[in-house]
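Letters A, B, C and D name the chains as they come in the text, with residue numbers starting at 1 for each one.
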Amino acid sequence: MNQHVAAPPLKLVYFAWVRERVGLADEIVSPPPGTATIAELVRWLKTRGEGYELAFENEAIVRAAIDHTHAKPAASIAGAREIAFFPPMTGG
Amino acid sequence: MNQHVAAPPLKLVYFAWVRERVGLADEIVSPPPGTATIAELVRWLKTRGEGYELAFENEAIVRAAIDHTHAKPAASIAGAREIAFFPPMTGG
Amino acid sequence: MTPVVRIQREDFDLGAEVAALARGDADIGAVVSFTGLCRDESCRLAALELEHYPGMAEAEIARVAAEAAARWPLSGLLAIHRFGLIRPGEQIVLVIAASSHRREAFEAADFLMDYLKTRAPFWKREHLADGSIGGWVEAKADDDRAAERWS
Amino acid sequence: MTPVVRIQREDFDLGAEVAALARGDADIGAVVSFTGLCRDESCRLAALELEHYPGMAEAEIARVAAEAAARWPLSGLLAIHRFGLIRPGEQIVLVIAASSHRREAFEAADFLMDYLKTRAPFWKREHLADGSIGGWVEAKADDDRAAERWS
């Protein structure tokens, strides 16, 4: 069990209105030890200010991807290099 | 009831292997009085020679059209100007 | 919206037909095209010969196209069917359906092709690579079943 | 068969892409294309702005395309998705599926579009005719339901 070892710095990227609300396109963060899943990462991000709170107001609607692959809230972020948050896709 | 009045001359057209078996692309015929439907027309055509017999050997497979519209064996030929016989379609 | 139907010996240009159909119509969001080609998996064929019933071919495809136009809200609908000798790799048939949304465009094109296969008066005969004339292509029960999906 | 996936700012040429995909492959009998256009029914829009996630957009569409290629016997499969500012009437997305038979080509193109809508990381924002920037386009529950048809 190494979930309490500090995670290495992590790149976060944001898109569309998530990006606008957070106020950043990307950033490098060091989540607290024990941050093991997307859901836990979101919980921590929401403590970082109003923009984050607004972006993740409705957690169920914001999508995540780990290293360019869609990921559910329960997905482990261990070993992740880049985690993205964005609204439901509207391409096509 | 005018089904025993002689019908006016009728143009018949044939396509694909029906045309080859009949040996004609088209012809003008005068079916006997009382020939009221496609099925009755086919019955009469089959008495006209070996080619017709071979073409309509399997009556269920040969399709018909009256004046450019698909028609079933029971369809009335009253007033028809052009009746076509052909195999199942294989276009597209 | 009046469907465009053409029966012709000449080849057609997919890009030009789509551009002409969609031009200047701001409510078109989706265009689906189907192109049917002369296949020759085993290099057996010199060509396919397509016989058709002039007059009825136009009328029947126009009827099927009108059915599609009544069934789906379309902004454009086109069907071109060639006749004559068509060599492997060449185009035989083109269907284009344009609509606001993709579901309608896909379904209308699919429907039009299924009905065109089973109702349009065209017949294919094989011309073989050795110079001889092969048999008439037989209709497929699969095609009838495909058309029945829509009724 | 390796699917072709391109994410680009530039426009694309449907006719040229279909010709390139089908060229010289004698077992292609059916080519289905889907073109998605920027719609503007009420002349409200100056343009749509398409934001995307570079890297993931390519990867995700390639995954969906590989799924389609595993599910249907295809001879060719292509997806192009544009990003940047796209004006009303301009092309946004292109999908082409080529197969021996029409059913497979239709289904693969339809599947690819449904999944592209719900899985490819692109987001549309409206630029209005009056010069202002409108809101982000909302995802449609319809699109999720369309994608669920395939599972």
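Convention: contacts are C-beta pairs under 8 Å (C-beta built on N, C-alpha and C of every residue); 3 or more make two chains touch, one makes a residue touch a chain.
Please read all numbers here as calculations on a predicted model, not as lab measurements.
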### Query
How many hops, at fewest, get you from chain A to chain C via touching chains?
2
### Query
Distance-wise, how many Å sit between the C-alpha centres of chain C and chain D, to the nearest whole number?
23
### Task
Please work out the Cα centroid separation of chain B and chain D, and write it as a whole number of Å.
49
### Message
Counting only Cα atoms for the centres, state how far chain A is from chain B in Å.
### Response
74
### Query
Between chain B and chain C, what's the gap in Å when you average each chain's C-alpha atoms?
27
### Message
Quick check: what residues of chain D touch more than one other chain, meaning two or more?
### Response
36, 102, 113
### Query
Hey, what residues on chain B touch two or more of the other chains?
92
### Summary
Pairwise, the chains that touch are A-D, B-C, C-D
### chain A residues touching chain D - in the complex, by the definition given at the top
13, 15-17, 65, 68-70, 84, 86-92
### Query
What does chain C use to touch chain B in their complex?
36, 50-53, 55-56, 59-60, 81, 92-93, 113, 116-125, 136-139, 143
### Query
What does chain C use to touch chain D in their complex?
13-16, 18, 22, 24-41, 43, 88-89, 100, 102-103, 105-106, 109-110, 113, 146
